[in-house]
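Here chain A shows up in two complexes: once beside chain B, once beside chain C.
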Partner chain A sequence: MSYTIDSKAVSQEPRPGQCLRTFIRDAGVFGVKKGCDQGDCGACTVWLDGVPVHSCLMPAHRAKDKQVTTVQGLEHDGHLHPVQQAFCDAQAFQCGFCAAGMIMTVAALDEEQRADLPRNLKGNLCRCTGYRAIEDAVHGIRSTDDDIAGAACGASLPNPFTQGIVTGHARYTMDVAVENLLHLKVLRSPHAHARIVSIDQSKARAIPGVVEVFTWEDVPRKLFSSATHEDHLVDPDDMYVLDNVARFVGQRVAAVVAETEAAAEAGCRALQVEYEILPAVFDPVEAMQDGAPILHSKGNEAKGNIFVTIKGEVGNVESGFAEAAVVHEKTYSTSRVQHAHLETHGSIAWRGEDGRLHVRTSTQAPFIAHQKLCYLFGIFPHDLHVFTERVGGGFGGKQEMVSEDLCLMATMKLGRPVKWEFTREEQFIGATTRHQMTTKVKLGAKADGTLTALEVHVVSNTGAYGGHGSETLAASLGSPLSAYRCKNKKADGHAVYTNMIPGGGFRGYGASQSTFAIECAMDDLAEKLGMDGFAIRRKNMIGPDDVIESVWSDPSDVSFGSYGLDECLDLVEAALANGEGLPAPEGNWAEGTGIALSVLESGPPTEHRSGGEMRLLPDGSYHLAVGSTEMGNGSINSHRQIAASILGTRGNNVDIINADTDLTPYDTGTFASTGTVVAGQAVALTAKALHDNIVSYAARITDTPVEDWSLVDDAVMNGNRRIELTELYKIGTEAGHRFDAKRKAYLSPRTIAFNVQGVRLAVHRVTGEVRVLHSVHAADIGRPINPMQCRGQLEGAVAMGYGWALTEHMVYDDHGKMLNPALRNYHIPAFADTPRTKIMFADTHDTIGPLGAKAQGECAINAVAPAVSNALANATGVRFAHLPFSPDRIFDQLSVTA
Partner chain B sequence: MYSVNYHRANSVDDAAKMAEAGDAKFLSGGMTLIPAMKTRLAAPSDLIDLTHISELKGITISGRTVTIGAGTIHYDVATHTDLKALCPALCHLASHIGDPAVRHRGTIGGSVANNDPAADYPSALLAMGATIITNQREIAAEDFFTGLFETALEEGEIVTAVTFEVPEKSGYAKFPNPASRYAMTGVFVAKGKDGVRVAVTGAGDNGVFRSEPLETALATSFDAKALEGLSVPSDNLMGDLHASPEYRANLIVVMAKRAVLAANG
Partner chain C sequence: MDLNTVRAVRTPARLDEIADWPSGHAWLAGGTWLMSEPQLAVDTLVDLHGLGWEDLAVSGEGVEIAATCPISKVANFVGPAEWPAAPLFKACAHSLLMSFKVAGVATVGGNICMSLPAGAMISLTVALEATYTLWPRDGAPRTVYSGDFVTANHANILAPGELLRSIHIPAAALSKRFAIRRASLTHLGRSAALLIGTSGPDRDLLLTITAATPRPIQLRFGALPSAEEVRAAIDAAIPADGYFDDVNGTPAYKRHVTYHFAEEIRAELAAVESKA
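What follows is the complex of A and B.
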């Protein structure tokens, strides 16, 4: 009787109740991932005697005397399994966290099953790709280009992590064996608003294995914000590591550290907390009323629950509406959704042999986390090291420090390594979400469609804490309004505290919410004017000679580095008219078409900076260090392509390390579309400096003009004269020369990116089911550094947009408790839900971003939900103004209208 | 998951004996029980694994009588050639349960014994007038499914097989829950020697049930047209975050039409 994993006998026996997933990982086989631990996501898929199973749903004892095969056991004689190779060729992953399970499922499909992927890939979720690249892999399509010296930029080079991802050896945050490890778990508040009267720890401490309990009395009494920005003043310092007031269901109440996860969980359950229940408020409009329960008394009392109000006006909207022939006014609202990156939040902290503290974490901003941790716990910056290895998705969710602080505090107190990994439920109730916003739009236009006034009023529910509250609100009042030329614009908005889970950064960042409202309103106005969606936009959308202006007339650093909005609109119009896509199904279906546009500045209005360091190595290759996080966005690949392109070499000749406060220069963080335009710019400047260093040294030692020299792959050339880099390195270093460079990049001016989404869909008049028949998307992202990756980023963003439009919704009861905190009930798009989207690029070359590129991965999501709503309106004559458009809601509204 | 004692049973008798001690639960595919244990909606002290009992597995067909061992996985029901020829509706139903990994582990016995109000199989068994066989007795489907997650099973009683006579015509259609893909409303129609029976899953607030208005309409003419303009009451239907009772009432008729269309091939 024995256990066998990947043909190797395992000596240990499972613990009673242990599932196969953790048994496999305890054996050091980290290729098997945890995405949900409930059988919903498929990241843990392994084969049991050749048959795919969810290893999280399998008691480990059931694997006795059977062959367990994981993604790490698929290789044969040192060769990749054909499906692993196919995933390489199609680059069928972004963060790669789902790939281990996806590959195991795909590799077990027979021909008949491959013909029905929507049904047979149902059990494997991917949050990044939009599934197109996965479908390509199944069908053996190759998307990668060859790595040719000097041609790295613009080539679809494979991600440097490819081999590790498809073989299961890439190390994500939790994929490391740590000796003497302690486990941390958190008790979360069952109440939306309550004061903690007492916490009796005695029963918890009596549980075998429990080592320590932390409550609000044990933490530094320092206020901070878990949100990460370069300028920490944009987020309110309104939270403690642990507080004696719970302000939302799911807030941390106490932490238990134990020898095992099970003991830590048992310890949490054994804590006896006495709460004094306080009145709670969930709706931001109610929260602004006199007499509403006040959440924070931290110097902001005069404003009640309004954390911030932002307003502005250019021109005079009153006179603008007076001259309008048609006025449209309506309120639109967006739902609260979660990032649902497949790798949940988590950190491991320890004190190293060097005496310093180390935090291995899943973050988009290790340097800001580093600063916050130093501040909170009084650590000298040099004594703390924060880093990521591979991060399994972010989407803005990891622009937040929500696990590092407790782990670090515990390890400082206990002297042992401490790990904390969020469960999927915690991800839903204890992390952050997209801000729920309600937007009233009022538009006035002349009879010919020319806008005369544009007015927007936004109420944003920032939840119990205000991190990202002001910046998302500002974003909602910014670029979506600057998308249109109009003399008179006015906007105001409030971000309001309520006893809901806090809002946070989320792809599209505030602009998504108001883009939904404004783009729907624009179609509603067009309807009143008898115009179509293209015509009204062409009439009013911002052009390259216009001032980029929302509702503030002060000078702005946003500039047209390039302009391709008109081309995007043309591309979408042509694609929708080309007859591709599916025909409407037979039966009681209504068909409709809709479009929407979105505009986003490449980078935040707050400060943002990044640095790069490069060295020539003795073997003639290069080392690049950049602080930016790679979380599936592909920045690590595009960065080495930028460097390789400038240095005239191959992508593979540049070794790169990122997101490490010890090993890389400072970077504010990978968020707000800065991966290319700030970190990429830092890489470009660094590579150029190293290029100049190398050729000028060659010129110096040969006493020839520097401009005669160029870098080609692994040598410097001057006419027919060639010096191998290995030789140059040897000569130079022996003479005391250093072939290295360091540069920094700051974000200003900010260029601007454009997206247009087109949708043709059918809606069933009786069931409310929606089927997307044709989905097309055009993006002006400047020059694509890696076209395949850019396409993938856009496909992923569009897929996430369909999730927001059609399936995703965090639902709460009257007491603020989430009713669907599991992927089984909160539905991110599966393969079957995700239409293939034709991605097209405007042919532009940006003059601001590095090598002609600009932001790519974020803005695409913003145009999707309004395009779907516009298509539904076109199909049914009914405006669906509130997300999401689930079949029951469509049914309800259609039956009322009928 | 929390600590639990695991026992591997080699026969039904063996399993029944093991169940006498402690707070034990029988574990078949585990596709529902294990997630329930992880969230502590279920917390047995002992698990008795039934999946190694060979007598519980397999499909036998004698004339038009089909007997499916309780331990038969959905994948085997979905792909059984002879069953497909005789009763394609049931194979179709099985092929749309969960995902491939679930179909490779989940069993008909587990589904029936658990009686999830959104499970697919109970509607088929009720519509076809199946008999559920246990280690102690035989129970008509009508009497077996008694409520939400409730069955006529006694403590320690184990479902060993289900048996039914294949109706002349049968069909199944479900509207999947947008999130879980369980049946938000599923309708199984069967036209057999006892007339037309229509069973609805995923919609009732007390689990699977037969729809009299639909049966009456289809008894006159077993044709989707017979359901035109028909509506069913929303009383006693489930309302939850995914669908209201009214919406489910609407879906029942639509799914019934689709099921009849499928049955008439």
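What follows is the complex of A and C.
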């Protein structure tokens, strides 16, 4: 045999032009991942005769007569490779999608290479961790705690799927072999705005292997939104599965289904589409003008291209500004960015032997996707099953149904399984992005710094479709304004349709954008007042006795379950002053320090609900089913820890299944920081109910008071009397008792979390290079259910914040075409770009969130970009008000004299 | 990624097995760029891997690098002490965006023939006054000066099917002192500007500007110039709109750092000379 993968001979020959990555996966070895398929992310790293290579760049025929080693072949005699073990100990992953390639790279480094990780890990991108945990793994640092009965909550337990992740056996969305599979590919619009006059399919259908072509004439004429929310009415029904009008470059035009991906691609290329090109508008301010090309006339719009206008006022800002000794007014803007989760979007749909339809997908909201699919295709809900297995990152990008519909439609028509996996380019041109927003801030203050008026005006570019447009706009006008106590506040904003890629959900969700503006403006105001950043915030920031209020005086369900903002500021101030971090480099560098704070309600203002089910099993362990999605956020682990803690057992004694419309109770979806406060609450209520079920049954059969009984790891105890759970189960079940429980949770009231970021940096006055010298972050997230995971979530959010601030930029030409739709040209932070951030926790215990916890995965990102801008302003005296601060965008505003 | 338009892979042991060169043929060296994007015009890959050219040979004449030499070999090259410019090999290899894993596969010739502004093997070989040996599909081999090879972004003088066979770096150039400066929008990212200066025993200056411009620009000064002379020479060689416009840096930025780095290089080499 001439091809060998993990010491096993492979009988197939590669196709001409096939890369090694797909050749390996065709052989059923799914541990080798596709992050980019272009050699940029390293997720596909394997060894060829012991030498690490990006298998997506390696022509497969070159593996002939060589040994291919994947992460699945790294174990030796049933023992993990030391690097696999190190990744377990340091928990050097979150979603885990990069881990296979990261491990294969680290395991191949020599001592000299290990001493220069920024250089030698530049070919391995991780979007989740911020790289600290990966560096820890290289250095053999352990971050996990032992799993002790009754002590699960607050312990740094490892991810329950650790073994599968580090050995490559954890199954992500595309990691299954499906017989008789068809492949779907999509032709995307080259025009920003065009009407489809005709589509000649004849050449496409003539291509061998092409099975079916779908165009706008083949889809249900039902309008919907790809955005997923509990309340479907918050997003406008403004799109079709396939439309006869393209409204952005990259919109789906037609789908081709074929026996192979190659044939489907060829089919797309062979479609002859006649377009009538329409005038396009890309700037939201221009789009609001009279005479601008109108994108939609579907009855959802407020006026013209303005999808929605939101406004409010408390007090009277006019009198507030009249009262002010100092007024600051400036416009700040934030850029469009892509989530760049390493696992691209994708789904596989089929009709099962049960006659039902099944959709295996990469989503943050399988239940909402289920509802939308039932609506679109007229499916009775029972006849459809939507589920995730492991999801390789989301960050809000998968709060969107962008691949499931076409796969399902094709499988319904053709009767065969259909798979569609996005390319990395499609992620950039055909998924969603963070909404670009421009925010004008006007602040008035007395001479002592007390705010007298706060006014914000936001213009949000929602792109070609309005999903998440109103909710992100509302969020931008919400919590960032609540952060400050001020009698007079006013805000208004427009979410505007343009011929750009649609905005979507993205970690921080609207609040990120206006937090950037307001936190920069607070420093600008402080500068005018001669105050520092800490003083102006302490003077005005919301305190535990204040009303939490933005610009609406209606009653609110947000309240302080705990308060640690003051402690966060103190922690950051002390950490920045402690002399740690790097000194400024020698030469023509300016050094400066900046801070910013962010505030986020734990959970969305719209409806959100979840549910849990638990059972005691015959062997004395527990089964937990919860609907929420795990995509690297760690919720599965914290859910079993919450359950284990309440049941007095070990985390490992709780088996968990999640995000499956057949196997788990309903959950709205894992987004808007709800994994802990809603799904976690459901788990806590369910575990408490099961706990009570068990001890009361023990009390009943022993005729003793229930208060005397307690649950320990594998038994119920009453003083010295002990009944093993296995025995209790047997007795109870034989008597017809059921040891199970089901509870639902609903998000209200909502507590509030706080973050403060501190940055000391240096900027080169000539080249504009920015080096972060010291990065510190304090979070008030209540009690950390799993401190290691919470630290990881915060580090990852901060790293993503640095990407937004410094390196990421979606660049477009004058016709709305993206110029850099590849990870080599759209720079998510690599190891070398990501400073280590000291993470600190305020010592709070929430009275609303489950077991004292609050939301933690999201809010941290919001404070980073403004802290960087404030540090740059401190260093140079120049306010950089428009993200991102890449050297070529700032160099000409830097003073060249030291 | 899979190149789904490819129908055949040819793996010649000798080049004369490849007689014709229909459109749709493409040389496959490391494949690290070829496999990174759809190549819709390619239906046949002709793999150079089996030709067995010696990667890198050192002699008194200089260094002979096969086009198929992996870039990692350049990164690890350590020259003799009498070649002060030898550390440029590593410095240029490290100026590439590619990971060490890619560098182990990507070839020097591939980097040069891609002819991208940030192709640091172009920077290296032009700065060291290399000559390239080209093998046409028919006709005699020809030798060209490295600085004349790249004509524009992603364009060069190769005729269809013509191969870059090898790169000769003369010992005289390796015997010079050097200074190098680089700007990138991200740490260890793709070059926005990569400038190299070399200076020989007769106190000259050869300034090579790459990445900032669509093709390499080389400025020769018989004697170490003044700051004003360097500025004037750049003014004369590169028009204000002559800087490369791409997502790795705006033209204005590339122009700005080009002048800055040129002066730094001039000053560094002048300081070395005056100490010597």
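Operating definition for what follows: the second predicted complex is superposed on the first by the 890 of 898 C-alpha atoms of A that agree within 3 Å, B and C clash if a C-alpha of one lies under 4 Å from a C-alpha of the other, contacts with A are read in each partner's own complex, and residues count from 1 in each chain.
As a convention for this text, a contact is a pair of C-beta atoms (placed from the backbone, for glycine too) under 8 Å apart; a residue touches a chain by one contact, two chains touch by 3 or more.
Owing to the predicted nature of the structure, the values given are computational and were not obtained by experimental measurement.
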item: Clash or fit (per the criteria above) of chain B with chain C on chain A; value: clash
item: Chain B versus chain C as contact partner of A:R15, first or second or both or neither; value: both
item: Touched partner set for A:E261, first chain B, second chain C, both or neither; value: second
item: Contacts of A:D545 with chain B and chain C, given as first, second, both or neither; value: neither
item: Contacts of A:P118 with chain B and chain C, given as first, second, both or neither; value: second
item: Which superposed partner A:E179 touches (first chain B, second chain C, both, neither); value: neither
item: Touched partner set for A:D146, first chain B, second chain C, both or neither; value: neither
item: Which of chain B and chain C A:F891 touches, first, second, both or neither; value: both
item: Common interface positions of chain A, toward chain B and toward chain C; value: 15-19, 37-39, 42, 45, 51-54, 56-59, 61-62, 105, 113, 119-120, 122-124, 262, 265-266, 766-769, 806-807, 811, 819-820, 824-827, 886-888, 891-892
item: Touching residues (chain side chain C, partner chain A) in the complex; value: 1-9, 11, 28, 30-32, 35-37, 40, 42, 45, 47, 49, 94, 97-102, 104-105, 183, 185-190, 192, 246-250, 252-254, 256-257, 260
item: Contact footprint of chain A on chain B as seen in their complex; value: 1-6, 8, 27, 30-31, 34-35, 38-39, 47, 49, 51, 95-96, 98-102, 104-105, 175, 178-181, 241-244, 246-247, 250-251, 254
item: Of chain A, residues touching chain B in the complex; value: 15-19, 37-39, 42, 45, 51-54, 56-59, 61-62, 64, 105, 108-109, 113, 119-124, 262, 265-266, 425, 766-769, 806-807, 811, 819-820, 824-827, 886-888, 891-892, 895
item: Residue numbers on chain A that touch chain C, as the complex places them; value: 15-19, 21-22, 37-40, 42, 45, 51-54, 56-59, 61-62, 105, 113, 118-120, 122-124, 261-262, 265-266, 269, 423, 766-769, 806-807, 809, 811, 819-820, 824-827, 829-830, 832-833, 886-889, 891-892
